[in-house]
Amino acid sequence: MFFITVSAFTMKPTYNLDHAVIRFAGDSGDGIQIIGSQFASASALLGNDIRSLPDFPAEIRAPEGSVGGVSSFQVQFGNSAVYTPGDKCDALVAMNAAALKACVNDVAEGGIIIANTAGFSEKNLRLAGYAQNPLEDKSLAKFNIFPVNISQMTAHALADHKLSTRETERAKNFFALGMMYWLYNRTIEPTAEWLRKKFSGQPEILNANIEVLCSGWDYAVNAELFPVRYQVSAAPLPVGKYRSLTGNVGIALGLIAGSIKSGLPLFFGGYPITPASDILQTLTAYKHFGVKVFQAEDEIAAIASALGASFGGNLAATATSGPGMSLKTEALGLAVMAELPLVVVNVQRSGPSTGMPTKTEQSDLFQALYGRHGEAPLVVLAPATPAECFAIAFEAVRIALKYMTPVIILSDAYLANGAEPWRIPGDDELPDIEPRLTTEVPEGGFKPYLRNPETLARAWAVPGTPSLEHRIGGLEKQGATGGVSHNPEHHAAMVKARAAKIAGIADDMPSAELCGADSGEILVISWGGTFGAVRTAVESLQKQGESVAHVHLRALHPFPRNLAALMQGFEHIVVAELNSGQLVAVLRGEFAQNIFQYNKVSGQPFTADEITVFLHRFLAQKPVMRNAA
Amino acid sequence: MFFITVSAFTMKPTYNLDHAVIRFAGDSGDGIQIIGSQFASASALLGNDIRSLPDFPAEIRAPEGSVGGVSSFQVQFGNSAVYTPGDKCDALVAMNAAALKACVNDVAEGGIIIANTAGFSEKNLRLAGYAQNPLEDKSLAKFNIFPVNISQMTAHALADHKLSTRETERAKNFFALGMMYWLYNRTIEPTAEWLRKKFSGQPEILNANIEVLCSGWDYAVNAELFPVRYQVSAAPLPVGKYRSLTGNVGIALGLIAGSIKSGLPLFFGGYPITPASDILQTLTAYKHFGVKVFQAEDEIAAIASALGASFGGNLAATATSGPGMSLKTEALGLAVMAELPLVVVNVQRSGPSTGMPTKTEQSDLFQALYGRHGEAPLVVLAPATPAECFAIAFEAVRIALKYMTPVIILSDAYLANGAEPWRIPGDDELPDIEPRLTTEVPEGGFKPYLRNPETLARAWAVPGTPSLEHRIGGLEKQGATGGVSHNPEHHAAMVKARAAKIAGIADDMPSAELCGADSGEILVISWGGTFGAVRTAVESLQKQGESVAHVHLRALHPFPRNLAALMQGFEHIVVAELNSGQLVAVLRGEFAQNIFQYNKVSGQPFTADEITVFLHRFLAQKPVMRNAA
Amino acid sequence: MNNLIDSITSNGTAEHNFTVKDLRPAADVRWCAGCGDYSVLSQVQKLLPELGVERENIAFVSGIGCSSRFPYYIETYGFHTIHGRAAAVATGLKVARPELSVWVITGDGDALSIGGNHTIHLLRRNVDVNVLLFNNQIYGLTKGQYSPTSQHGQVTKSSPTGMPDYPFNPVSLALGAGGTFVARTLDRDLKHLGAMLRRAADHKGTSFLEIYQNCVVFNDGAFDEFTDKATKPERVLFLEHGQPLIFGANKDKGIRLDGLKPEVVSLASGEYSAEDLVIYDEHDPTLAFLIANLTYNPDFPRPVGVFLNVDRPCYEDEITAQIDAAKSTPKGSNTSLQALFASPGHEWSIA
Amino acid sequence: MNNLIDSITSNGTAEHNFTVKDLRPAADVRWCAGCGDYSVLSQVQKLLPELGVERENIAFVSGIGCSSRFPYYIETYGFHTIHGRAAAVATGLKVARPELSVWVITGDGDALSIGGNHTIHLLRRNVDVNVLLFNNQIYGLTKGQYSPTSQHGQVTKSSPTGMPDYPFNPVSLALGAGGTFVARTLDRDLKHLGAMLRRAADHKGTSFLEIYQNCVVFNDGAFDEFTDKATKPERVLFLEHGQPLIFGANKDKGIRLDGLKPEVVSLASGEYSAEDLVIYDEHDPTLAFLIANLTYNPDFPRPVGVFLNVDRPCYEDEITAQIDAAKSTPKGSNTSLQALFASPGHEWSIA
């Protein structure tokens, strides 16, 4: 093991910042995601609160150097709570002209742009659609431009290494990372350590990458590139062990934790679809936890197999996105009717139909609540942040097993790919889960639909249990016996029982929490992955003394018991969501006609800024704003 | 041809009735549907307004003589408008004990029960679950019981005919019909004529049936069975040619009429499912109209093939029920995205899941409105009566072709199988339909998503049209060109455009019509197949001087433009529907929180009576009634 | 990770012996009198106690259709699912619980129309379940529309002028999909039916058994030719492994191959003897496909019996093996929550 | 009933000649550089002008996948539908408009995983469309999970410890489903690819053409064995109707049948000559199945070419014929609205 030496001596003034937002951008092949997540890890290790967001090109590979092929990674880090990856970047690294083109509108005025001049060849400019070189005309006047021939500097640094041109070229991302580490006062060591592990068998590559990383740092020092240096100190985060977690991995881990805590093997039936495939793929890496992953022929088979596994007494789950969710509609109805536990994850993307597979949206709420034929109530939950995907998945398992019901989790593309630090919970921070498994042979025979008087859940007798043989299915039932019946009273009673069971779960779920005073001018209600943007906006308004509060819903059906009461304290209620107004329609129907709405349906997440602006405007001219979005 | 002679001489007094409700009931093999529809036809021919309702056993054949195997046919006929097959029967013919058991609760107090004593053997009683013979104990005291050994009388009548015992036994339904014809003063001739046609090649069966029919009549006269005789005179119906129409046949004819009026061949992709199969089956009989029926491998292929045909410029349609509708979810989203004309019929049955396939319900409204992932608006219509299925299907074709949109028709099991007289429209009573087909090659090339500024419909260029080659699909689009785009603004604009197109169709649909004064205490709102029961109840309350009005919605999305205004006139609004409160939830969200609801989810249609009772109670104690059902 | 399921279910203890009587449930059997489904039910009921499997370890999974009501009529575990999905549900059940004896009950519409994809994927994966396909060449439950095994030109409720398409041959389809056990039998030949059920139960892997089943109401007599005493001997070819393909009331006819072309020859004339005939080999997919293709050929008797019987690893065993392998790695020794949450090299602490 | 469609569309007038250039659309082709999809696109573009069909009478229908973007890249009518449903959409289109030349573009996931059922039903019905199945043995668009044609044990994003199930052989599946034209070709053998496309286009009925297609990103080199100059002659068996099954760089090997068992024999030693080999007969389903089953057998070269080519009536023709027959009955002479509404014997008038 050797030591890292970098130029430590620097005369530059260091400014302290509360938060900073940086972004790396380049071609799909430029290793952007790697350096982005390294920067995020390094910041987390320094104790910052962080939120990051990778952005991949749409699903078909665009030609190298084109705007469609740009890959980027943005991270916000701060000395206090950070809720989003940030609206505007304070610093952007653009590895080529296309990356600049794709990201320049997201850079804050006066922000830093480090541009790899080697990526601004005539061909690059043409592919990016630039008539002239933006680094040379005046078009970027409002930014701080730092042109650096990163490719060439990398080649210089590796002159003594025996690497191919291609290998050399591929190392340039670490040069950029080194510069940024200096600029934001991060430490290099964790990344070096990571490289050592990753390339333990390839010492040449390892040495080269470390060399380049250090060269980037040195270059920043020696070339006196930047007039200042920034420092973001540690945030007062809860004590504990942390790791970074994306929404998709969070869901996978939450399901496995549910399996451990319930003692039931996890069965996952899935079919690949963007942006949910990662859940399936992550789970395949946990076979040693007994996780059974079945890659089915389609989404119908995925959920059907999960229902079979659930009938067999496994903890069963499936995950998909919009088009796949639509295909699962019929089988979800069977899950409701059979009253089998099942967790169904919908990682929402832009719809309708194939829509925009890599873009985020919240437009499947209606479907989750109302998509099935017949009266088919079930539980709908939504995580607020990437890391919360873990907790929501675990909660979904708990509810599914306790109440013998399917539970839909509405995640989204933004949560799925976004990462944030997650404090690893201790073993006893997670409750035990007791499934409704029964082995007792009651007098008069087993009645599969006899309900627990408190939870209204039926008992779960699984094949293999002696003397509890019985049949279940999708036909209407007589009541406790589960015998097929077309009797009008039986049907009416069962429809009510199924609805009452789900409605009652509200008593077993946390109350909605208010951020802000419990009365005032505006209550903003949001759900799902928009939490960060809305919370940031509301807190900033609160700091400005505005009478604004925020409730973020994790339970969409049933609603938290205290929601109606919370709403009563406010003059105006505004529901902000990434659709044309779905939650707002439900709330209007359930609680009060007079609720305002703020919507965006563009495939992009909210920025905190646009919500702040909207609320400012709203406060200024409250009336006639309905359907303003 | 021979003449019919029946005993014409009768001394019995004849009472004039405004309306009467009768029902035939017997085993599945007893030919009940045949005599039921004969009675209905005979009544229609006498100028009565009629509504009838067949009721079949659930889908698996129950053992002969069991309650589960009972088949029945009810008809109401009147001298003024009749809206339903009637709540309680004035007369019931029960061919066996099971039929009595199944129907006795539906007989009005003091009503007539004609019981075929041969169907009350010990075995029959046991199968029906009677401990003792109800004809012999006092249990039927509140009815007028007429025990007749119909089987034996039939055998007597046919003593001279050379028929097998089985053939003889099978003729007994006509004996019952003959009795009822006498009792209600119907003419025998139309049925005789029908028999002549049906058995033209089997003179023995023909003669036997006519003999038995006449014997039933004669028996009623000669045995002086009934103390009185009833007469229901003709209703003042609009002048014209009439036929009887069930909902399913109505839909089939409406689609074909749409094909004729638009000049586009009809393509129907279907997959059998109760209670929608009849639509597919009916259409196969109209091949000479160029109707192409494709029995697909499943409901997904059914709708997908229809989309293919629509892309090819045919008038495309598909029909199914709940479980099949759930399967069509994903492809419906494609129809919205591709903006192709398509008529999708959902003949609702009791859900969720397989539910009760032969029973009616209105619980798929939410799904029709909200079932798809993403923002996927489309048009939802619902016929009010069996005959109106024709008009709604035709209207659906008109809208689909004019606006390039899928249209969902929500029929139900009650409408599908129910029949009513339908005044056959003249050729010019139906408007011409002009599809959006284009052949013009515009300058700058064809733009498939360029919208007509008035309707917002895109143009329809079908394969085979020179120089208009283009591609469509489920990915988001740039706007007019239809080029694939992931640009946030394009998506936002297209989501709005699709919604605006559908919302605008309200201007092209009839206003909601009010039955009653335009202000008052209660406005009852209903939709779909409950029309008859609600209208009957409201009119009866109006006659009693109550301040009740009725609006029946045929358009569920978009709502009629004048709906909000209509609602404003009333103190209270009550929505009555056969689900747990779906339309009411939508209306609350859209118009006013404070709307009451009356629901039933038992697989049975509303009776006029229960609605009347509810409204009476509501008028008596208006407050605290919310969610009363 | 302890597995709750293992702790509560039985583990092959001999105590749970049962008889046909134990299989009769409370619910009335509701098929039409004379329906072919009855004889399958009774043969299955007869077979189960002989399998050496506890009653509680048997599960029937069905789709929707007349035949799919089957689970209600047998006192084991049962799941009456949705139309066409039984194979997928059964796959999940078997992967979740490999120790169970899982049976799929399905119809020609259920398995081959709406459920065709799950059926072929089940066969491809070779999940160890037994598929009983009740082929009545009609949609029974929905009252008489044609199915993908109805015959070209057949008049049904949905084909008043004749079924326009050509039927699947379920055996050929199963062979093409990679089925490892593919057989056909007749509802009215109880002995053969019983024997085929037994063979299906004994096969490790997906057993695909097509059962010609008479629907007395909507397609009565569809198989009379193959079940009527008078015609059966001439019209049915029973396949038996290692035996020559002989048929006829007097066992005087046989199937011979001319290259790859099968032909019917008479053994009566003396020109051919049993040695000239095809000796059936149930391990040969080519022969299975060749014979299966005689199915709708009126010049040949209808082949019935085990067409193919070969071995291939079962899907659920592969899954189990991969899990066992993962468990036996060093990583596999720690399956605590903390091990689950660990992200070596990506963790940090805040103190 | 007049048919608006007939009046506005072209009817095979020779005016509408077109060239490859006319087929190039405005949209950029967006497959990865080196993707096998490009060569199929260019061969199809080359073929279409030669078919004698007007450009406006050609329609491409696809599902979802990399390959399914194809319609965007060719200036004809096109419909990029949803995952797995292209076959069903194309069936509707062809039944609605039998005069069109309809092409289905699909992938191994699209056609055989989610779309398996529509694929086999299309084949059964023999709808006259041409199916081009781009088999790259991977899910390309979703970035590298295994598909039903991935190889047992293959490591992919969703099978880090090896694909647990066994693949379909698409050719065998198509044969089992009753396909009338079943063929296989290679993206990198342009001449063969072009010839097979032509054969597919010429066949009346469903043409099923499996194309081995290299995915440079997620499954690079999957077919190198069959496309690399060095190995191709030894590893590929080209099927040609009426020709003996010979392969090898020196054309010194052949396939011979021992009964029904195929074996590779050397022609070099003199023990066997071409006469001893199988003479390929593309009209024989048994032979097709036998040869198809060599597909994953490492001891045999990979068969490529037309496996089967037989005639059976097309579904859309049956539908059209039934309609024409109905139109020529007395009833068919009156298709007015009033004739539609009539219900003879069940009508009455109120005056």
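In order of appearance the chains are A, B, C and D, and numbering begins at 1 in each one.
Rule of thumb we're sticking to: a residue touches a chain if its C-beta (ideal position, glycine included) is under 8 Å from a C-beta of that chain, and two chains touch if they have at least 3 such contacts.
Every value quoted in this text rests on a predicted model; they were computed, and no experiment measured them.
S.K.: Higher C-beta contact count, B-C or A-C?
M.R.: A-C
S.K.: So which chain is the furthest away from chain C, centre to centre on CA atoms?
M.R.: Farthest chain from chain C, going by C-alpha centroids: A.
S.K.: Distance from the CA centroid of chain A to that of chain B, rounded to the nearest Å?
M.R.: Measuring from centre to centre gives 47 Å for this pair.
S.K.: Taking each chain's centre as the mean of its CA atoms, how far is chain B from chain C in angstrom?
M.R.: Centre separation, chain B to chain C: 40 Å.
S.K.: State, to the nearest whole Å, the distance from the C-alpha centre of chain C to the C-alpha centre of chain D.
M.R.: Centres of chain C and chain D (C-alpha means) sit 29 Å apart.
S.K.: What whole-Å value do you get for the distance between chain A and chain C if each is reduced to the mean of its CA atoms?
M.R.: 44
S.K.: Could you list the positions in chain D whose residues touch two or more of the other chains?
M.R.: Counting only residues that touch two or more other chains, chain D contributes 64, 82, 113-114, 116-117, 121, 148, 161, 319, 322, 325-326.
S.K.: Provide the list of chain B residues touching at least two other chains, using ranges where the numbers run on.
M.R.: Residues 287, 297-298, 323, 330, 333-334, 338, 353-354, 473-475 of chain B each touch two or more of the other chains.
S.K.: Touching residues of chain B toward chain D in the complex: what are they?
M.R.: 41, 44-45, 47, 193-194, 197, 234, 237-244, 253, 256-257, 259-265, 267, 269, 286-292, 294, 296-298, 300-301, 304-314, 316, 330-331, 333-334, 338, 423-425, 427, 430, 435, 437, 439, 462-475, 483-484
S.K.: Hey, which residues of chain B end up touching chain A in the complex?
M.R.: Per the stated touch rule, the residues are 58, 322-323, 325-327, 329-330, 333-334, 336-338, 346, 348, 350-356, 358-359, 361, 363-364, 366-367, 369-376, 473-476, 486, 488-489, 491-492, 495, 499, 579-580, 585-586, 588-593, 600-604.
S.K.: Would you mind writing out the residues of chain C in touch with chain B in their complex?
M.R.: Within the complex, chain C touches chain B at residues 28, 30-33, 64, 66, 69, 82-84, 113-114, 116, 139, 141-143, 145-146, 148, 157-161, 217.
S.K.: List the residues on chain B that touch chain C in their complex, please.
M.R.: It comes out as residues 59-64, 68, 271-274, 277, 280-281, 284-285, 287, 293, 295, 297-299, 323, 353-354.
S.K.: What part of chain D is in contact with chain C in the complex they form?
M.R.: Residues of chain D touching chain C: 113-117, 120-121, 124-126, 148, 161-162, 164-169, 172-178, 260, 284-287, 289-290, 293, 312-313, 315, 318-319, 322, 325-326.
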